[in-house]
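Take this structure first; my questions come after.
First chain written, first letter: the chains are A, B, C and D, and each begins at residue 1.
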Amino acid sequence: MSKVIRLQPALRWETGLAVVVILIVAIGSVASPDFLTGNNLFSLGLSNGEIAIMTLPMTLIIISGEIDLSVASILGMSSALLGFLWARGWPMPAIFVTLAVVGVLAGAINGLLVTRLRLPSLAVTIGTLALYRGVALILLGPNTVSDFPNAYTNLGVNAVPFTGNDMTYSTLIFIVLAIVFGVVLHATPFGRSIYAMGASAEAAQFSGIRVKRIKTILYMVSGFICALAGVLWTFRLNTAVQNNGLGLELSVVAIVLLAGVSIFGGKGSLIGVVLAVLAFAGIQNALLLTNFNQEATGIVTGALLLASVFLPNAGRLLRRLSHS
Amino acid sequence: MEVAGNEPPAQPEAAGAAPVLELRHAAKSFGAVRALIDGSVDLRAGEVHALLGENGAGKSTLVKILAGVHQPDSGTLKVNGADVTLPGPAAAKAAGIAVIYQEPTLFPDLTVAENMFVGRQPHRSASWIKGGRRIDRRAMLREAAAVFKRLGVPLDPARIARGLSIADQQVVEIGKALSLDARVIVMDEPTAALSAAEVERLFEVIRTLKSQGAAVLFISHRLEEVFAICQTVTVMRDGSHVLTSDLAGLTANDLVRAMVGRELAERPPHAAAVTTGEPVLIVERLTREGVFTDISLTVRSGEIVALAGLVGSGRSEVARAVFGIDRYDAGQVAVHGKQLKKASPTSAMAAGIGFVPEDRRQQGLVMDMSVQQNVALASLHDLEKGGLIRASAERAMASDWAARLKIKYGRLTDPVSMLSGGNQQKVVLAKWLGRKPSLLIVDEPTRGIDVGTKAEVHNLLAELAGSGVGILMISSELPEVLGVSDRILVMREGTLVAEFSHAVASEEAVMSAAMGQHDPVSEAVKHDERNDTQNGASR
Amino acid sequence: MRAAIVPSRQQQPERLRQSGLAERVFRIRESGILVVLVVFVAVTTGVQHRFLDVSNIQFVLVDTASFALLALGETMVVISRNVDLSVGSVVGLSAYLSASLFASHPGLPIPVVFLAGLGIGLACGIANGIMVAAGRVPSLVVTLATLYIIRGIDILVVGGNEVDANQLPNAFLDIPKDTVGGIPDIAIAVAVIIAAGAYYLRTYRSGRDLYAIGSNPDAARLAGLPVGRRVFTAFAVSGAIAGVAGVLWSAQYGTINSTAGTGYELQVVSAVVVGGVAIFGGSGSVTGAAIGALLLTTISSALYVLGISSFWDQAIWGLLLLVAIALDQTLTERLTSALRKRRTRHE
Amino acid sequence: MNLRRARKLALALPVIAAVGLAAACSSSTSSSSAPASTSAAASSAAASSAGASSTSSASTGASGSLKTGLKVFVIPKNLGNSYFTTADSAGSGGAIAALTTLGETGTETSGTAATPASQIPAIQAAVSKGANILLVSATDPTALCPTLKSAMSRGITVVTYDSDAPTCRNAFINQASTAQIGTSEVDVLAKELNDTGQIAIVSAAASATNQNAWIGYMKTELAKYPKMSLAGVVYGNDDPTTATQVTQGLLQQYPNLKGIISPTTVGIAAAAAVLDTAKYRGKIALTGLGTPDEMKKYVGDGTVKEFVLWNPANLGYLAAYAAVEIASGQITGATGQTFTAGKLGSYTIGANNTVLLGPPTVFDSTNVNNFNF
C-alpha cells in the first residue's frame, strides 16, 4: 500500500523543487540586484557546468538500481591524462580520441565488475574512485600543465556566439545532453528498461530486457561523459592537475537524490534533476551574493537532501506516527 | 452481502472446549480500501480450521491481524477468553500465536537454530545491559535439534539458512512455533509452493501439532487438501466472513459456491479436440550439470504439454534454460526448426516463445510499474516508432488485453501491485499474449490465485491451444495437470522418467512416476537435499 | 541504500550450508586479509628492514588506532544493512569543539574532554539514528545529508579560528605518544574496545539482532525484533565513536581547524569492506574491519618508508579494495561448490 | 558549555563585518585628516627605522586624495584558514583593518577549499556585486586568469598577495622574496646543524607553485653547504594526516636524517607533532614557515629552535593600501613608483609590478611569545 501512497507525492516533489528554485531566484534577486544579471548567470553556468553534466548519467545509473561514485575520479583522470599527453606534444585531436576511449574503458571496468562479477556497485565504485584518482596522481604527480592553446581554453571561459554572452559552452552542452538523456529515459524502450530493472532486475530479465548489457552501457556512457567533463574542467581552469574535481562525486549524487530520484532505483525524472541542478547552483550563488560565502551551502544542500526523502514520505510517516 | 455475514460463528459446531482464540468482527481499512470488513474466526485446541476465500477476500489481512502486523480498526480478539490487543508481532508471539507464511522469511546469513531462536536465544547469565544477553550457543543447538526430532525431520540446526528449500524453510518456521510452544499456529497457504510429497510431510507435521493440542488455522486454495487435513472451515468473501461450519457434510462445491457466490464449471474444459500441428518447440538432450540431464521433448502447435514432477525435480530449471534465463551445458533448443542462442531470452522471444514464470511478484511483474507498463514491457520494440514508444499504441494494447482477459483494474496507470493475485497473473499473461507467441511456457500458472480466476486461466490456455499456440505447462496441481493437458511429461531428479497421454494419465500414475515408487517421506527428504545443491548450481 | 547495492536475490552468491563452514569462511575471510598484510609487511621489510623498526610500528599502530575505532562503529551500521557517511564530519566537529574546551577552560581534566567529544558524536549519531530508524528513509541519503550539514556547522563554528598545540595540555598531546612496553597506549585501548565490540556482536542478543536485521529486515520486523531501536543504537554508537575519534584526532595533530577529518567517510567504508564485511549487511566481523584498517594504514606507511612516491598510494588502495570484494565473492562461491561435492559423497 | 562558545564563534564573523562597516561609514569624512596624520607619523617612524626613502609630503598628498567608499573584496585561497584570517581580518590589523581606516568597505569572501574551482565562484560573485578592488591570493597561477582578466577589463583593480597570478593582476604583494625564504630557511637549519647532515623537505601540495619555487632556491642554497645533503622532498598536501605520515616515513627511510624543512604552516605543525617525542626532540632539527601560535608549544619544549615567517597581518595591510592607491589612480602599479602604506611606511614597486613586504621574521624562544597569529 505504502508504495501506492508514495507515488503521487513523488510526482509532487518535482513541483516542490520548482517552487524551491523560484524561491531561490526570488530571494537571490531581492538580496542582490546582480543575481539575475547575464554576467552572473554566465559565471553561474561556468562554475557548475561540469557537475551538471555529470548528474545526467548518474541519474540513469541510480534509476537502474546502481550507483557510480567514481565519476569525479574519472574526471580527474581524464584531466590529468589530457595534461600528460599535451605535455608530451600529442596533437589535441589525438588526445580527445584517447580520452574518450579511456573514459569509456573506465566505465566499462565499473560495469563489468558490477554485472559480470555481480559485485555491489557501491563497493566497486568506491574502489575505482581510489583507483582512477590514483592513476591521475601517477600520471601527473606534482606537476601542473597549464600551457594549453587559447583556442581551446577560450572554449572553457568564453560565451557561445549569438547567446548575448550569457551562455557558456558547458551550459550549452548540458542543455543538449539533458534533452537527449530526457528523451532516452522517458520515451524510449531503453529508458523504460532502465526503470524496469531499477524496480525489479529479475522481472526485467524475465521480460527479455538485457539487464547486464544495459547497465554496462550506462557505466560506459557515464565514463565517457565524465571524461568530457574532465576536458571542460581542464580548459575552463587552463590547468591539468591530479586533484581536479576531487570530491565532486558526493555533490553529483546529492543533486540526483535531491531531484527525488530513489536511491533504490526505479523512480525519478530528468526534469527533477534539471531543477535540482538549478537549485544547487542557485543556492551557492545566492549565498555568495549575500555574503554568506559558501559556508552555509553545505547546510542548505543537506537540508534540501533530507527534505527530498522526508517530504515525499510525509504522508506515510504521519500515518505511522498517528498509529503509534 | 449475506445476512450470515454479520453473525458470529454459531456455537453448536463448537467441538468441545471453549475456543483458544476468538476473533470477532475485525475490520481494517487502508486509506480508502476496506481490506477487511467483518473478520470473525474461532480456533480450538487440537483442531485444524480451514480459512477459505478468493484472493482479496481479506484472508491475508485477517492473518496479519492475528500476527500483530496490522492493528484492526475495530473488532475484538480473545485468547483463552481474555481480551488481548496485539500492537506488534512480538505481542502476538507472547500471546502464543505463531504465523507460518507461504514463503517464510528467514535470515539467510544466520544458522537454522538462530533463525528459530532469534530475539530470544537461550542465554547464560542474567544480563547487565538491557537487551544484551550472552547467548548459549550449545543450548540453542540442543533445543533446535530436539524440536526437529519431535517433528521427525532431519534438518541440521547448525547450517546456514541460505539455500534451504521452501519446504525446509517452513519446517524451520514451524520448529520456531513449536519452540515457542505456540498454541495457535496460523499457516498462510503453506502448501502453495510444495510438491505433493512435501505436502504429505507437512500434513504429518500438522497432525503431530494437532495431537499435541495446538489450534491450527490452515489457509489454502486446494480444496482437496482442506478436506484431507481440516475439521472445521470458515469461508470469507469481499472482506466479510460468510460461512463457518464443520467440514463434515460439506462438498467442494458448497465451499466454492460460498467463496465465489456462483456455480463453476466442474472441470477445466479440455483441448484434446484440437488436431495438433507440426512441432513448435524441439528440445534435444538438454543438460545442465547437477540440475537436469538429457531432456528431450517436443511441443506441437495447438498442443498443451504438462511438465509434472516434484518441486526441485528440475522442471522450472528446464523452462528457464529453454527461455534463456539460465545457460545449459549440452544439448540444443529449436523453435520452428530454428536453433536458439544459449542464455538469451531475447533470441527466445524473437523465436516466438513467451514465458509466464513461477514467481509472479518477483519475476512476472514489476510491481512498482503501472498495469499498462507491465503489459507493454515485453513488446516495447513493437510499440516504438523512430525509437520512441508511442504512448497511444501502448495504452491501446493494454486496454485491449485488459478487456480480452477481463482484468479488473482501476486505472491502467495504477501500479500493478494494487491488483489481486489473479488479476496480476492475467497481466503477466497479457504481457506475453501481446507478443502473439507461437509457444507459451507457463510455470505454475494458477498458484495462489482464486478458484474463479483459476478457471478463467484454464479456459484461456485451452483457447490459445485452440488457436494453434503450443503450450508447455509446469504445474504441481495434479487436477490441473490432468485436466488441462494433452500430454504429460514427468520429471524426477533432473531427468524425464515418464510420458502419459491425456487418455491414460491418472493422478496415481503420475505421482508414482514422479516419486519413483519410493516411500514419499524419505524420497522427499532426499530430493530436498539435492534441491539445495541444485540451487547452488543454478545460481 | 540496499537496492542500490544488493544484487537481486537470484544474483546473490550461494552462501554456505553449515555454521562450521560459515565460521571457517569468516575466518578464511579474515585470514585472507591477514595473509595480504603479512606478505606486504614481509616484502616491505625485505626491501627496507627499518619498516619493522619499533618506532615505525608505533607510528602505524597510532595512525591505525582512530581509524580502526571508526571502522568498529561503521561495521555495526553496515552489518545492519545501512551506511554512515557522516563520520568524517563528526570527527571534524568533535575535534574542534573538544579541543576548544581546553582553550577556553585551561586545566580541564582530560577525561571530561573525551566525554564531551563522545557527547558531541553521540548527538550527531542520535540525529542520524532517529532519521533512519523512525523515518525509515535510506541511510545513504540521510548520512550524505548530515555529512554536509555537520561539516557546514563545523565551518560556521570554527570560521577562521583554530586551536593550536600550545593551547592544549601536554598530557593530552602525549596521549598518542605514551607507550606501555613499546606499544602505544591508544593502540591497546582501541584493541580492547574492538575486542569488546567483537565479543558483543558475536555473543549478545542485541548484537546478533544487528546481523539478523541486515540479513533480512522484513523478517526481522515479522520476528518482532526491535529493528528501529537496534538500527538507532548502531548509528548512535557509530556517532559516539566518531566523537571519541575526533578527540584523538586533536590529540594527535595538535592543530585543529575546520578541515579536520575531511574525506574520512570513504576511507572508513573501504576499510570495512576490505575487512570482509558484506556491504549489503548480514555478515562480516569487527575484527576483520579492524584488520582492514590496519592493512590500509600499513600500505600507506610502507609506501612512504620505501620512498615510493606516495602517488601510488591511491591506486594501490583502489586495486586492493576491488581485489578484496572480488575474492570474497569467488571464495564463498568456491566453498559452496566444494560443500556440494562433499554432500553428494555423503549420500 | 562548548555549545555556548560555539554560538559565540558563529556570531563573531557577522559582528566583526558589521562593526567594520559602521566604522567605515562614520569615519568616511573625518578619516581624510586623521589617518593622514597617523600615517605620516607612522611613515616617518618607518622611514627612520627601515630607512626607506620617502618624503612625508608625498605620503600625505597621496593618502589625502585617495578615493573612499570603494567596494573591496578580499579573497584568500580559502576560508577557515587561520593564516588568511590573520592577513585579512580587522581584528588582527590585516587588510580589512587598513581598508576601514581608508574609508573603504572591505569584505572577505572565498571558497571553503583551496582550489581554483572553489575560489573562482567567489571572485565572480564579487565582480557581480560591483567590486572596485579584488585582493586575491591565487590558488593557481593560471586557472584564475580568465576570471581576473575579465574583472580587470571591467575596470576593477586586481592586486594579488601571498600567492601570485603573474599575468593577470595590476600588482603582486610579495610577503618575502622567494629567494629570501628559500635561502633563509636553509641557513637557519644549517646554523642548527653546524653545516653538516642529511636533511629532507616536507612540502605542501605537489602542485603548489610558491612551494616549488622556494624548494628550488633551497637546493641552490644547499650547494653552499658541502657537508649537507638533501635526502628528498615529500608532499603532505597541507593535510595533517598525510603530512604526519610522510614525516614518519622520512624518519624510517633516512635513519641518519638530521634536519627537516617544511615551508608550509600545516606541514611544519604536523612534523613538529611527530618529532615532539624524547626520541627525536633536539636530535632532528626542524624549521620552515610556521605561525607563532602553532609553533609556541614546540619552540617552548625545544622541538623547534627557529622558524621563519612574515607578519600576515602586515601583508594584508600593505596589499590593501597598494590596491587603494592604484584604484585611486595615485599609482599605476608600474615598477619604480612609490607609495605610503599607513603605519608600514613607504614602499617602492619592484620588478614586474611586485611590492616586497620586507625580510621575513625569524622566530625563536626569545620573541615567539610576542606574536599572536
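Keep in mind that, in the parts below, a residue touches a chain if its C-beta (ideal position, glycine included) is under 8 Å from a C-beta of that chain, and two chains touch if they have at least 3 such contacts.
These numbers come from a predicted model, not from an experiment.
Visitor: What chains, if any, are shared contacts of subunit B and subunit D?
Guide: Chains touching both subunit B and subunit D: A, C.
Visitor: Which chain is most remote from subunit B in terms of Cα centres?
Guide: D
Visitor: Comparing A-D against A-C, which pair counts more contacting C-beta pairs?
Guide: Most contacts of the two pairs: A-C.
Visitor: How many angstrom between the C-alpha centroids of subunit C and subunit A?
Guide: Their C-alpha centroids are separated by 28 Å.
Visitor: For subunit A versus subunit D, what separation do you get between their C-alpha means, in angstrom?
Guide: 37
Visitor: On a C-alpha centroid basis, what's the spacing between subunit A and subunit B, in Å?
Guide: Result: the chain centres lie 44 Å from each other.
Visitor: Quick one: which residues in subunit C touch 2 or more of the other chains?
Guide: As it turns out, subunit C has residues touching two or more other chains at 9-13, 155-156, 311.
Visitor: If I count partner chains per residue in subunit B, which residues reach a count of at least 2?
Guide: Residues 362.
Visitor: Mind pulling the subunit D residues that touch 2 or more other chains?
Guide: Residues 79, 112, 206, 235.
Visitor: Quick check: in the complex, which residue numbers of subunit C touch subunit D?
Guide: 48, 50-51, 53, 55-56, 59, 63, 97-98, 100-101, 104-105, 116, 120, 155-162, 164-166, 168, 170, 173, 177, 252-255, 257-260, 262, 300-301, 303-307, 310-311
Visitor: In their shared complex, at which residues does subunit B touch subunit A?
Guide: That would be residues 30-31, 33, 71, 325, 345-346, 348-349, 355, 357, 362-369, 373, 376-378, 380-381, 383-384, 387-389, 414-415, 417-418, 431 of subunit B.
Visitor: Give every residue of subunit B touching subunit C within the complex, in rising order.
Guide: Residue list for subunit B touching subunit C: 67-69, 88-93, 99, 101, 105-111, 114, 118-121, 123, 129, 131-135, 156, 158-160, 162-163, 290, 362, 526, 529, 532-533, 535-537, 539.
Visitor: Using the touch definition up top, name the residues of subunit A that touch subunit B in the complex.
Guide: 1, 3-5, 7, 183, 187-189, 192-193, 195-196, 199-200, 202-210, 266-267, 323
Visitor: Taking the complex as given, what residues does subunit D use to touch subunit A?
Guide: 17, 79, 107, 109-113, 115-118, 120-122, 124-125, 127-130, 140-143, 145-147, 150, 205-207, 209, 212, 235
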